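For reference, the structure is listed below as structure tokens.
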Amino acid sequence: GEFARIDHHRQLRTGFPETIWGQGKTPDQIVQIMAAMRQRNSVVMATRIEPDVAEQLEEKVEGLRYYPMAKIAAIAPVRIEPQYPGKIGILSAGTADLPVAEEAAITAELSSFRVLRLWDVGVAGIHRLLDNRHVIAEASVLIVVAGMEGALPSVVAGLADCPVIAVPTSVGYGASFGGLAPLLTMLNSCAAGIGVVNIDNGFGAAILAGQILRTAGKLQ
Amino acid sequence: GEFARIDHHRQLRTGFPETIWGQGKTPDQIVQIMAAMRQRNSVVMATRIEPDVAEQLEEKVEGLRYYPMAKIAAIAPVRIEPQYPGKIGILSAGTADLPVAEEAAITAELSSFRVLRLWDVGVAGIHRLLDNRHVIAEASVLIVVAGMEGALPSVVAGLADCPVIAVPTSVGYGASFGGLAPLLTMLNSCAAGIGVVNIDNGFGAAILAGQILRTAGKLQ
Amino acid sequence: GEFARIDHHRQLRTGFPETIWGQGKTPDQIVQIMAAMRQRNSVVMATRIEPDVAEQLEEKVEGLRYYPMAKIAAIAPVRIEPQYPGKIGILSAGTADLPVAEEAAITAELSSFRVLRLWDVGVAGIHRLLDNRHVIAEASVLIVVAGMEGALPSVVAGLADCPVIAVPTSVGYGASFGGLAPLLTMLNSCAAGIGVVNIDNGFGAAILAGQILRTAGKLQ
Amino acid sequence: GEFARIDHHRQLRTGFPETIWGQGKTPDQIVQIMAAMRQRNSVVMATRIEPDVAEQLEEKVEGLRYYPMAKIAAIAPVRIEPQYPGKIGILSAGTADLPVAEEAAITAELSSFRVLRLWDVGVAGIHRLLDNRHVIAEASVLIVVAGMEGALPSVVAGLADCPVIAVPTSVGYGASFGGLAPLLTMLNSCAAGIGVVNIDNGFGAAILAGQILRTAGKLQ
Amino acid sequence: GEFARIDHHRQLRTGFPETIWGQGKTPDQIVQIMAAMRQRNSVVMATRIEPDVAEQLEEKVEGLRYYPMAKIAAIAPVRIEPQYPGKIGILSAGTADLPVAEEAAITAELSSFRVLRLWDVGVAGIHRLLDNRHVIAEASVLIVVAGMEGALPSVVAGLADCPVIAVPTSVGYGASFGGLAPLLTMLNSCAAGIGVVNIDNGFGAAILAGQILRTAGKLQ
Amino acid sequence: GEFARIDHHRQLRTGFPETIWGQGKTPDQIVQIMAAMRQRNSVVMATRIEPDVAEQLEEKVEGLRYYPMAKIAAIAPVRIEPQYPGKIGILSAGTADLPVAEEAAITAELSSFRVLRLWDVGVAGIHRLLDNRHVIAEASVLIVVAGMEGALPSVVAGLADCPVIAVPTSVGYGASFGGLAPLLTMLNSCAAGIGVVNIDNGFGAAILAGQILRTAGKLQ
Amino acid sequence: GEFARIDHHRQLRTGFPETIWGQGKTPDQIVQIMAAMRQRNSVVMATRIEPDVAEQLEEKVEGLRYYPMAKIAAIAPVRIEPQYPGKIGILSAGTADLPVAEEAAITAELSSFRVLRLWDVGVAGIHRLLDNRHVIAEASVLIVVAGMEGALPSVVAGLADCPVIAVPTSVGYGASFGGLAPLLTMLNSCAAGIGVVNIDNGFGAAILAGQILRTAGKLQ
Amino acid sequence: GEFARIDHHRQLRTGFPETIWGQGKTPDQIVQIMAAMRQRNSVVMATRIEPDVAEQLEEKVEGLRYYPMAKIAAIAPVRIEPQYPGKIGILSAGTADLPVAEEAAITAELSSFRVLRLWDVGVAGIHRLLDNRHVIAEASVLIVVAGMEGALPSVVAGLADCPVIAVPTSVGYGASFGGLAPLLTMLNSCAAGIGVVNIDNGFGAAILAGQILRTAGKLQ
């Protein structure tokens, strides 16, 4: 449609699925953009889709799949084969961070990457993390999702020997100020080598992790 | 002097040394207040005393001792005997946090408490902390000092079984915003039971730790 | 469940009830976590439970008790005997601060501590506080809850001779900025020795107060 | 001069001294404006004059008087008779707030008002204030100056029966954020009827207090 | 009730109506407090009462009057005679600021003061203000209410010869940040002698204006 | 030099002088860039040049002229003929805003525009502005410079019938927060049609005003 | 009505349609103001009108037209002839910015200006913009609307040779902080000559663009 | 030393040089830590070393090299052979961003990576960037350094097909707020897959870029 100028160029170049940012778009707009996109892509996805919008989409878009925890709606082959070397390890600090962590995980899987999940290993019970160090060791790139004080990426980066992507979440209250607290925490990490993305941006973290593994693939 | 109304009442009641907040006071004002205070107290101290001010004070105040790292100047007996049960464990995350950690330590010692120091155990190298868990175990109350992302108190509180007082410092740059980042981190800690004091306020942390041990003493 | 990694370790070590942070969790998640927890604990509680969620929980969790003012749901023995020395005095500045003050009070009682309540003694009518000084005198540790300008902890700390924990609340409007105003007030208190917790965090204040009394108990 | 368009109109109408805001002006500019002003006014004053600038002014402006604590330079009759009913009571919380409190006091006296001073009565030692309630009772309007947590105006307004003007100061550190903390405290005061001025604006507080007494005079 | 400690002391001393801050209180709590208050006061009022709450109150409180624009509910004599000298002039910048301006006006009238209203005289059409200068001239104290850029108090203070109370409102969007913009504008006014109250605090402005006129009355 | 990639393209296209932003550059860097630029341009200028840097530049760059109030150093013909229709009116609120206003004025004149200056017409003395309305009437585009509360652009835009460019300045203290206050004021102006530039950005305002007059020239 | 003081003066002088800011006004107030305005104006418009309010207005105001994307309701001739030279080019970065871009476009068209629209040309796919440079070349003034990082105006200003007006939008999440991020981006643009308006203020941008073209017309 | 607990563990594991954060450390402390570190490492470096500190270090540390633009002091072999596949492309927006860009470049080179530099390609002159697209194509990972509005990473990420690391700088003034503006810009980038580090943190960006290439190496 005229209101949306699809950047096929970038999609072809990068190999990631075409993605619609669902927030602030009407169901009708999403349906139209999806229709245009699916003509040239095997995987089309939309993020930030609330359950009631998903229901409307499912009626109009054939073959749509909805991931309620991740709030992602997608048109995709039933089975997506991993196409890149390595694994993306995704860790989350608390149960309430799961939607963001799953947004990252589903995005990565729809983009043909292998994913390792490790949930609820926040720093206040450090043994939960230390007991699962094999996940950190097995991954080639890590996405660490945390709200509240957002301290998990610092600890993980101290234990890991691969790039760490930190995702602050808006989980918390009071002096969290909508995720500002964990965002600042992550930016100020004394563990060098952490890349931070926007608050609640699981999608962007997955794309960056994917870029890292694709680059590794190209350098081989 | 007329410009300073000393609260002897509180001092007598609490047993802590009379303390002058040195910032924003002229050396002359400090000398006058110290003179008035020492008539009724065995320990008188001033915080936030820069080395050049300390030199001026030393000329005019007999028996003054200066602690350069802590920036504290004090009139006190040569040896202060511990008068309360238990120990105050003080941990700091990085080398640059030392002045604040020492402000806490010297204040506690001048107030007749036992102090255990553990420096440079930031979370990015978690083994430095885990290898020294005996310090955490030995203390009855902990003061945890950290700048940058300020994650140390959360991890410590998860390991400890006593009250934890968190002190954010202004150590850092950029998105630290003068200590705002570690302050928010500490307030949002998912480890319940942490009391936070003002940025760089080692003094206040020591007073609170002292109050806790004095209360323990009274409950016996 | 897989989405929640319970830290039994910490619970055993600290003696506090296992607690679920209800915000951002579905009723089903809460029911599942409660079921897992109650197998090993005599007291299980959940905070931030809205009345409509409480109703759903009550249907599925046998023996659940709901404290509407505190927004706490708990499984607990009918009578909880105090197990620690001393009393936790809880003061609130205004009527609208009651939910936070009660969150602290109920948490403390479910954790086997004695509680003294003193409501609506804000500083603009200082005699309401001065007329009740016996409460301050009787407590071994104080929790002071205040919204708006949050000045009450400073005044109380000046009158008290025990540790003071300050809880800012989001009560207010305009330049309160969701509790930022009383939070800053409390962090900047000129009465040294105040530990501050997150905005509206009555729960955390109670845990810290409890830790202080438990420590006192251990030092005996 | 062309760079400064003096508003004689307002001065005549209000009866307050012509005042130059010294900050960000060169000594030469100040001398020129003073020269222009003194032709039509018996009292001319400049605020925010640092000692070294004052020295330069004293050389070039005959009869200039400098108040170092208040950082005010003025040309004025040796004795200024009070011309209005009532007294302006000025209270300050701490020693470090004195420069702002004196800026208010000297401005008020140069404007022909009676002033009562009461210094260092911060809320952490409430008896220092309660013991001096006669000052509050004697004043017809109160200016209350406080930095750090800025709680004094709330307590004073609860005791007083006249208008209260609150002046936050930049005294403090860390989470004071240059006076933001006491500013928010004062704006959120639960004691209705407090008018707040800018951080460190002792001058503006004195003008407002003066307006109140002048209005009272006109209504007689 | 136990949850609300009424400060009759202050009410008697100041002569203003007892006032309940309606926000964050249940209708039942408001009814109970009103019942307790009306036994000792001829005028009892509650602010921040939404229309649906007002309906519930009207059913249970006899003789209650509701002012929908001001969101005030009151028990008061049918006619309140002015008891103090002078008039309170209330100006508002835009139509959307009316609720706050009326909160001030009704509070003042229920407190027995004379009120002059002048609405919609924002600075972008300065002639609307200049054409109504007689209102400014007739008032003994001015309340100036403005949202958006909040510039009106500065201009009014330049024209007036009496105390000016500025009330920022949350009217606006975007970079207004909930009223922060006009609040900062008013605090930084280059017209000295403006007292600022909290965002949307029409009530507090009226109490301060009233205090000023009462003081004038006492000085006679 | 390699560290500076001059955009001759844009300069040729727009006709404005090549301009170096002096802040954060060493005198040597500035000299080198100026040398490269003057080969292709008749006017080369540098902003934010402190007097001591200017002295160093004057030694090394032949024909350099320094404007101390505007802090601009320039290589330019002795007389620059106006080349565009209309006049740029520049108004400033206070004496301390002059450096920013002059930065705008000198930039405009070096860019071949006619300039009208009107200084010290802040809103607190509205008659100073109303008495000079002819300046507003004569200009084809207005630049309005104001610090503190920054209200002048709103009032001017209400009187003018041409585009208004607002420049907030960092003049002020306390709640000005380095110019944030007037910036927000100007962005929230209820007088539609005001374009705002960065704090203290007199240069950018002049370029925008120039663009407007050049566009007018092209449309003829 | 008494609550709204219409500034016919300004409307006549500027030639723009009378405009009501719909936010925070009741449908009844809007109907009354429209009725008063249409007596003297051929075009009357209201912004920020939600669909449900529009329906109520349409019932009571004859000949009202509603633009749902722009959220503008207007009384206007069926065909509005362009009356000024030049064209206003309006660019938007993303699909979600359309409501703000259309607010600008409809306002400009109702004000008798020619409009060129170019949607969804955000900087992350720079070729979408470069491929449409003819739009930039054809316009005499540009309005550039962008949310999220708000980088589009900088790039456009580097390509254009006419005034650029930047409109930040509240489109985004997390660290966008309601549009603060693109607002700061635009104010800090290294491309000099950009005028910024309030977040989401498409209306104001259109008025400023219109003023620029009207000025051009007058200079002819 | 006791004040610094070196984390040899991490250094061995990661292969990066041991690095001292020079800010807030005395020259003596730096000398001591360097001495301890060089015993086990072939490359030791310190960041944030001002020229005068560098001079003191050079006297005491044999073989020290100082990079004045990057403010890095290092002990390292004369020639460091690249040890990893791929190249790190480093782009900077303006001349004033060079110190941060060089901190990244020197850190990368001391860590045995190949570096491509491209300076002064800010978005306001987009052709400077487009003319150098070969640099983007040749790199396997990109570091993009920008102050002011910080828009460069978004544009680069749209052109690149590899991971992008964004470094906001504190270059700018006014509404840059010490680098907050470009930080927010980068976090909100609509080009997914950008990892952001702290303001002015060229060091951290280099470590993250290095981790990415090392990971690629390990996956081969």
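The first chain written gets the first letter, and so on, giving A, B, C, D, E, F, G and H; residue counts start at 1 in each chain.
One rule holds for everything that comes next: contacts are C-beta pairs under 8 Å (C-beta built on N, C-alpha and C of every residue); 3 or more make two chains touch, one makes a residue touch a chain.
All figures in this text were calculated on a predicted structure; none of them were measured in a lab.
> Using the touch definition from the top, list the chains contacting both chain D and chain E.
The common neighbours are C, F.
> Centre-to-centre on C-alpha atoms, which chain is most distant from chain F?
Comparing chain centres, C lies farthest from chain F.
> Can you check how far apart chain C and chain G are, centre to centre, with Cα atoms defining each centre and the answer in Å?
Their C-alpha centroids are separated by 50 Å.
> Whole-Å distance, chain A centre to chain C centre, using C-alpha means?
35
> Can you work out the whole-Å distance between the CA centroids of chain B and chain C?
Computed from C-alpha means, the inter-chain centre distance equals 26 Å.
> How many angstrom between the C-alpha centroids of chain D and chain A?
Each chain reduced to its C-alpha mean, chain A and chain D end up 56 Å apart.
> Could you pull out the residues of chain D that touch at least 2 other chains?
Chain D, residues with two or more chain partners: 10, 124-125, 158, 174-177, 180, 183, 187-188, 198-199.
> When you check every pair of chains, which ones turn out to touch?
A-B, A-C, A-G, A-H, B-C, B-D, B-H, C-D, C-E, D-E, D-F, E-F, E-G, F-G, F-H, G-H
> Can you check the complex and tell me which residues of chain B touch chain H?
For this pair, the touching residues of chain B are 94-96, 98, 119-121, 124-125, 127-128, 171, 173-177.
> Which chain D residues qualify as touching chain C in the complex?
So the residues of chain D in touch with chain C come to 93-94, 122-126, 148-151, 154-155, 157-159, 172, 174-177, 180-182, 184-191.
> Enumerate the contact residues on chain D facing chain E in the complex.
Within the complex, chain D contacts chain E at residues 10, 13-14, 19, 85-86, 140-141, 158, 161-165, 183, 187-188, 192-199, 203-204, 207-208, 210-220.
> Taking the complex as given, what residues does chain H use to touch chain B?
Touch list, chain H to chain B: 2-5, 7, 9-10, 21, 23-25, 29, 33, 168, 170, 178-180, 183, 198-201.
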